[in-house]
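Consider the two complexes below, in which chain A is the common component and chain B and chain C are the respective partners.
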Partner chain A sequence: MPTQTTNSLLNALAHDASSEPAWLRDFRAEHQKLFDETGIPTQRHEAFKYTNFRPLHEQAFQPAAAVEITEADLKPYLIGDDDLRLVFVNGHFSDTLSRLPRVPDALLIEPLGRIIHSTEPIATKLGAVVEPSPFGALNAATFREGLYVHAAKALTSDRPLHVLFVTTGGHAIASRLLMSCGEATDLRLIESHIGLGDAPRFVTHTSEFILARSAKLRHVRLLRETDASWHVAQTAAKLDRDASYTHQGVALGARVARHEITALLNGEGAHATLQGLTMAAGTQHVDHHITVDHLRPHCTSNQLFRSVADDRSHATFTGKVIVRPGAIGTDAKQQNNNLLLSDDAKVDTRPQLEIYADDVKCSHGATSGQLDANALFFLRSRGLDVKQARGVLTYAFANDLVEHIGIEPARHHMQQVMHQKFHGLLGE
Partner chain B sequence: MSSKETVHDPIAALAEQQEYKHGWVSNVEADQLPAGLSEEIIRAISAKKSEPEWLTEWRLKAYRHWLTMTEPTWQKPQYPAIDYQKVIYYSAPKKKAEVKSLDEVDPELLATFEKLGISLDEQKRLTGVAVDVVFDSVSVKTTFQDELKKAGIVFCSFSEAVHEHPELVRKYLGSVVPFTDNYFATLNSAVFSDGSFCYIPPGVRCPMELSTYFRINSAGTGQFERTLLVADEGSYVSYLEGCTAPSRDENQLHAAVVELVALKGAQIKYSTVQNWYPGDKDGKGGVFNFVTKRGVAHENAKVSWTQVETGSAITWKYPSCILKGDNSVGEFYSVAVTRDYQKADTGTKMVHIGKNTKSTIISKGISAGHGDQTYRGLVKIGKGATGARNFSACDSLLLGGKCGAHTFPYIESQNASAVIEHEASTSKISDEQVFFLRQRGLSEEDAVSMIVNGFCKEVLSELPMEFAVEAQKLLGLKLEGAVG
Partner chain C sequence: MTQPLLQITDLHVSIGETEIIHGLSLTVNAGEVHAIMGTNGSGKSTLTKAIAGHPDYTITSGDILLNGRSILADEPEDRARAGIFLAFQYPVEIPGVSNMYFLRTALNAQRKAHGKPEVSGADFLTMVKEKARLMDIDSGLLNRSINEGFSGGEKKRNEILQLAVLEPAMAILDETDSGLDIDALKTVADGVNALRGPSRGFLLVTHYQRLLNHIQPDVVHVLLDGRIVKSGGKELALELEEKGYSWLEQAL
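Then we have the complex of A and B:
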C-alpha cells in the first residue's frame, strides 16, 4: 500500500489532463490502472530484486516547475557547437535555450504538448513500443511534456539532434520522447539527462523509437544526474525489417538510476546493438535492465555492458535475450563485465537467455572481478604509483566503450569528460 | 548400437516416443496409510516407525509451518495444482518386519530390483557398491552393512539411524535444510517416510561406493525420502543415487530432501542418475520431481554434485553448496535431457562465505521434441569471501524447433577480490558436424550420438565408473531411435 509520502511523490506527479484529447486521457487512465496494481515496486518484485526504492517514500517532492537557467549553466554539457538542440528544464520545454535552425521539411520536431492537438497521427505510436513496467506505466499516466520527432522516408543526416533534459532539484518530473523514423532514414540522436543543484528530485522518463523498414538510428544517451537524484527511465525501440538501432549509454551518476532498455526485433534482418558504461562511485546505485526480443527470423543483436563500481556503490545488470518460436537464424550475443574497485562496492548480474527456436546462435558471458594484479605490477615496475596504475587500467576498461561511441561529437565530448575524470591518475 | 534401417532424420526421430524401460508395476502387497494430510497422518507415520517424541514434534512443527506457506509459482514449468489431500504419504511393502538376511526379503521385491539390474545379493555383485534400497516409502535392504561397519561407517536406512544413532540424527537433521526452508522441503520434513543415513568417521576413506536406489511402485503415493550424509573430519565418500517409477497416467509427487555435511577437510561426491517416469509422448502422467539438495562445506572441505537428469515430467531442483569454511570447494556438474513434454528447471546455488572458496558449475542441457529446460543458478560472494573464485559454463543443445532452452544465472558479488566468470551458449547440432562424421563413414545416428556424447563428456567423466556406464546407457536409451 502506498504510504503517506509515496502519495507526496504521486501528488507531485499528478497531471491535469482535462484539456487533452480523449484518446490521451484514456491512455493515461489505462496506465494509471496498471500502475495502481503494483505501486512503487519493492524488492520482492523479481525485476526489482536489486534496487531498493524504499527511501523514496521518505522524501517529499514538488510538482515540476519551470525554472530559469542560463546558457552558462548548460555550457559544460553542450556537445560540439550543438546548433540543433532541444532543452527541457524540469520537464518544461525551453524556447530560449533550444536552438532549432532550419531543418529539412522531412523532419518534424515538436514538443508533445503541442503535437497532441494537431493532426499528426501519434495516438497509435505513443506507448506502442515500451512495455508497461510499473514505472513505465507511471510515466505514461503522468508525463507532462516531451518531444516528438518524425523523420519522413529516406531522410539522412549526420548532424546529431541533441535533446537535453535538465533538472534543477526539488521536483518530481515525468518526461517523454517519441521518435518515429521513416523508411530508409539514417539519423543520429543524443539524449542527455543533466542534474543541476543539490536538492533531491525524482525523474521518470520514457524514450520510444519506432524504426520503419531499413531505418537506421544511432542513439547516444548520457546520464549525468546528481547524487540526490532518483532517475527511472525506459528506452524502447521497435525495429521493422532490416532496420538497425544502436544504443550507447554512459551513466555517470544519480543516487539511484534505473534504466530499462527494450529492443523488439520485429522484422527479418533487423539488428540492435546495445552498449552501456556505468561509472558508479560514492553511494550511487545504477541498475540496467535489458530485454532484447527476437520476434522474427534472421535478426542479430549484440549487447555489451560494463560497470565500474567504486566506494560503496552498487551496480546491477539484468539482460534477457528472448528468441521466439520460429525466429531461426538468430544471432544474439550478450556480454557483461564488472570491475569492483572497493571492498564495499557491490555488483549483481543476471544475464539471461530464453530460447524457443533451434537454429540459433546465442551466447552470453558475465564476469566480475578486480584489476589484474599482473597488469598492476607491470605498470608499477614502469614507475607508476599504485593510484596511477589503477587509474590507467580502469580508464582502459571504460574507454573500450567510450571510444566506440558512434556519433563523433559525442565521442569526442565523452573522451574529454573521461580525461577530466581520470586527470592526475593518468599523468600528462 | 542397433541400426534401424528406416530412420532418415535422426533429430525428428529423437522427438518420437521411446518406451520407458522401467514402467512396469511390481505386484507387492502394500501396507498403506489412507490418502490425505493431517496431524493424525503425521503422527501415524511417526508411530509406524516408532520414532522418538522429539522427531514427531519436529515433523508437526514442520507441518504447522507448511500450513502457513504458499506454493511457489516463480518457476518456469507450470503444472496442474496438486491436491495434497489425495496423496498417500505412507506406503510400504508388507511382511517387512526384521530383515536379517536376504532370504527373508519378499522374493517379489528381489525380482523387482533384479529386473532393474540392482542385485541385492552381495555375492552376485561384481563391483563394490553398497546399496540402500528404498521401495515406495521405506528402505527394504541395505547391503554390505557388515563390511562397512568394520571401517566404522554407518550406512543404513533413516528409520534405523533414528534408533541406532539418535545423537547423530538429532544433531544434523535440518542443520543444512531447515524445516522452514521452502514449501516442498517443509512438506518433506513433515511427512518423510524413509531414506538413507550415512556417517563417515574422521579420517576414513569409504572403501566402496555407497548408493541408494529409489523405486516408486504403488499408485497414488508420493515419495518423500530424506537423505542425510555426514562426512566427519578428513573423510571421503562417494555416494550414488538412482531412481525409477512405473508408467502411470497420473502425476506422482516426489519431494525429497538431501542434506550433506562435509566437516573440516572432508570430501563428499554425490552423484544422481534420475530416471523417474517422464510421462507419455503427449505429456500425460509422469513424476513431479521437486527436490531440495544442499551441502555445507566446512574448512578445506569439498562438496561435489553430479547429476544426470533424464526422467520426470517436471524436474525442479537446485543442488547447492554453502561454502562456509575457508578454502572449501563446491562443484556442480549436470546433464539434463528433456524430450516429449518433459520440463526441467534446474541449476545450483554456490554461496561463498569463507575465504579462498572455489566453485565450478558445468551444466549441459539437451532439449528435444516439446521439451523445455531452464538453467537457474546463483553465485553469491559474501563480503568476507576474499579471494573467492567461480567459473560457470552452461551450454544448451536444441534438437528440433519446438523445444526451448533458457538460462537464468544470478551473480551477486560483494567482494572486490572475488573473480567470477559465467558463460553460456545455445546451439543446435550443425549440419557441418554431422556431415563431417558421415563423411568418415559413421551413420547419421551414430554421428548424432557421438556429438551428444561429446557434448556431455565433461559431466559424464565426473561420474564414478559404475555409474558412468549406467548414465551413458541411459543417455543412449533416452535418445534411442536417433542414436542407436
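Then we have the complex of A and C:
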C-alpha cells in the first residue's frame, strides 16, 4: 500500500501530458498501468532483494524545478574542452550551460520535449529497448524532459558528446536519453549524473541506445550524486548485426543507487563490453543489475564489474547472461571482483547463466576479499604508512578499470578524480 | 668501540604457536656484509621478516637494535624509515600502480619522516633514471605496474632498484639469488657491490654459495634449525659448498 509520502513522491513526479502527441500519451498510460501493478518495489521482489526502498516512503520531494546554476558549479565535472555538451538541471534542459557548436548535419541533437512534436520518427524508438521494470515503467510514465541523439549512416567522430544531468536537491526528477546510432557510425558519449547541494532528491533516469548494423558506440557513465540522493536508472542497448557497444561506468556516489543495464545482442556478430567500477563508502548502497541477452548466433560479450566497499557501505551485483535457443557460437564472459575495506562493509554477488543453446562458451567468476596482506606488508616495508599502503592498493584495484576507459578525455578526467580521492598517495 | 649498526640478541620468533627461531644473536657493523646460509626451513626467511616487522611473525623474546635503539615496538614503516630495507624473496605484483609512482611515494614517505622536503616528479625522474642506468636496469620497468608481468630476474632487479633509491642503512636481501640465471645474478651482485659503503650494512640470506662468488662477504653465518651454529669468514661458504650442511647438523 502506498503511504502518504509515496504519494508525495509520485505526485512530485506526476507529469502533465495533455499537450503531447497521442502516441506519447498512450505510451505513458501503458507504462503507468505497468507501474501501478507493482508500485515502488519491495525486497520481496526477487530482482530487488538487496535494495531497500522503504526509507524513500518517509521522504517528501518537490516537483522538479529549473534552478539556476553557474558554469562555476559545473566546472569540476566538465571533461576536457567539453565544447560539445548538453546540460540538464533537475531534468530541465539548460540552453545557457549547453554548448552545441557546428555539429555535422548527420548528427541530430535535440531535447526530447522539442523532438516529440517534430516529424522525426521517434515513436518507434522510445521504449523499444529498455526492459520493463517497475522503475523503468515509472520513468516512461513520468519523464519530463531528456535528450534525443540520432547519428545518420556512417557518421564517425572521436569528439565525445557529454550529457550532464545535474540535480540541486529537494526534487523528484525523471529524465531520459535516447540515442539512435545509424549503420556503421562510430561515436562516443559521456553521460554524467551530478548532485549539487545537500537536500534529498529522487532521480529516475533511462538511457536507451539503438545501434544499427556495424554501429560502434563507446559510452562512459559517471555517477557523482550526493549522499542524500536516490538514483534509480536503466541503461539499455539493442545491437544489430556486427554492432559494438562499450559501456564503462564509474559510480562514486548516491545514498542509494540502483542501475539496471541491459544489452540485447540482436544481430549476428554483435559485441557488448560492460564494465563498472563502484566506489562505495559511508552508508552508501549501490546495486548493479546486469542482463546480457544473446539473441543471435556468434555474438560476444564481456562483463567486468568491480566494487570497493568501505565503512558501512553495501555493493551488490547481479549479472545474468542469457543465451537464447539458436544463439550458437556465443562467447560470454562475466567477472565480478569485490574489495571490502571494512568489517562493516558488505557485498553481494550473484552471477547467473541461462543457456538454451549448444556450442557456446560462457564463463563467469566472482571474488570478494580484503586487501592482500603481503602487498600491504611490502608497501609498509618501503616506508608507506598503513593508510597510504591501503590507499595505494585500493587505487590499484580501481585504476585497473579507470585506466581502460575508452574515451581519452574521460579517462584522463577520472584518473585525476581518482588521484584526488587518494590525495597525497601517488604524487602528481 | 663504535655502536653496531644492527644488533640481534637471543631472538626467539614464532609464527602462530610454532617457534621458528630459537635464540639467535647477530651483530652487523656499518660497512660490513654478512651472509646467512642455511637449508630450507632453517628459519632464514623468518629472520628477515621478523627484522622487517611482518605482522605474522611474533618476537617472543630477545631484542633487535638498530643503531642502539630497539625497533621491536616499531611498525614496518617505522623500521623502513629508520633504515631497514628488506628485498623480498617473492616480490609482490601490484597491477594498476606504476613502479615510478610507487618508488617516488616510498622515497617521499621516508623523506617526510625525516623532515626533508619531498622530491619533485622531475627531479625524481632524473635521479631514478641515473640509478637504473648504474644498476644496469632497463628504465622501461619504471613505467610498468609494480612487478606485473616481470620475469623473475626483472623482479629481483626491481628490488635492487628500490634499494638504490631508498638508500637504507641496513639492507637485508632474502634469497635474492634464487631463480636467477647467471646474467641476472651478476646484475644483482653488481648492484649490491655498487651500494656497499662504509655507512651501510648488508645481510644476504642465501641457500647457495654462488651469489658469494660475486659479493664478497665479511662474515658468513650458518643457520640451522633456528640457530646460528657456525660463523666464519668467506671461506666458510666454500666449505659449505663442498661439504653440504650435514656435518653441521650432526654437530647440533
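Definition applied: the second predicted complex is superposed on the first by the 424 of 428 C-alpha atoms of A that agree within 3 Å, B and C clash if a C-alpha of one lies under 4 Å from a C-alpha of the other, contacts with A are read in each partner's own complex, and residues count from 1 in each chain.
Following the convention adopted for this analysis, a residue touches a chain if its C-beta (ideal position, glycine included) is under 8 Å from a C-beta of that chain, and two chains touch if they have at least 3 such contacts.
Just so it is clear, the model here is predicted, and its values are computed rather than measured.
Trainee: Overlay done on chain A, so just call it for chain B and chain C: clash or fit.
Mentor: By the criteria stated at the top, chain C and chain B fit after superposition, with no clash.
Trainee: Contacts for A:282 in the overlay, against chain B (first) and chain C (second): which applies, first, second, both or neither?
Mentor: neither
Trainee: Just to be sure I read the superposition right, which of the two partners does A:76 touch: chain B = first, chain C = second, or both, or neither?
Mentor: Neither partner.
Trainee: Of the partners chain B and chain C, which touch A:21 in the superposed model: first, second, both, neither?
Mentor: neither
Trainee: Is A:360 contacted by the first partner chain B, the second partner chain C, both or neither?
Mentor: In the superposition, A:360 touches chain B alone.
Trainee: Kindly classify A:338 by the partners it touches after superposition: chain B alone (first), chain C alone (second), both, or neither?
Mentor: first
Trainee: For A:104, decide between first (touching chain B), second (touching chain C), both and neither.
Mentor: Neither partner.
Trainee: Could you tell me if A:349 is touching chain B, chain C, both of them or neither one (first, second, both, neither)?
Mentor: first
Trainee: Tell me the contact category for A:374 with respect to chain B and chain C: first, second, both or neither.
Mentor: Only chain C is touched by A:374; chain B is not.
Trainee: Can you report the least C-alpha distance between chain B and chain C in the superposed arrangement, rounded to whole Å?
Mentor: Between chain B and chain C, the minimum C-alpha distance equals 15 Å.
Trainee: Which residues of chain C touch chain A in their complex?
Mentor: Going through chain C, the ones touching chain A are 52-56, 75-77, 79-81, 84-86, 88, 91-92, 94-97, 101-102, 104-110, 113, 121, 145, 162, 166.
Trainee: Of all residues in chain B, which touch chain A in the complex?
Mentor: 74, 383, 396, 398-428
Trainee: In their shared complex, at which residues does chain A touch chain B?
Mentor: Per the touch definition, chain A meets chain B at residues 46, 325-326, 328, 338, 340-343, 345-370.
Trainee: Enumerate the contact residues on chain A facing chain C in the complex.
Mentor: Spelled out, the residues of chain A in touch with chain C are 372-375, 377-386, 388-389, 392-393, 395-400, 403, 425-428.
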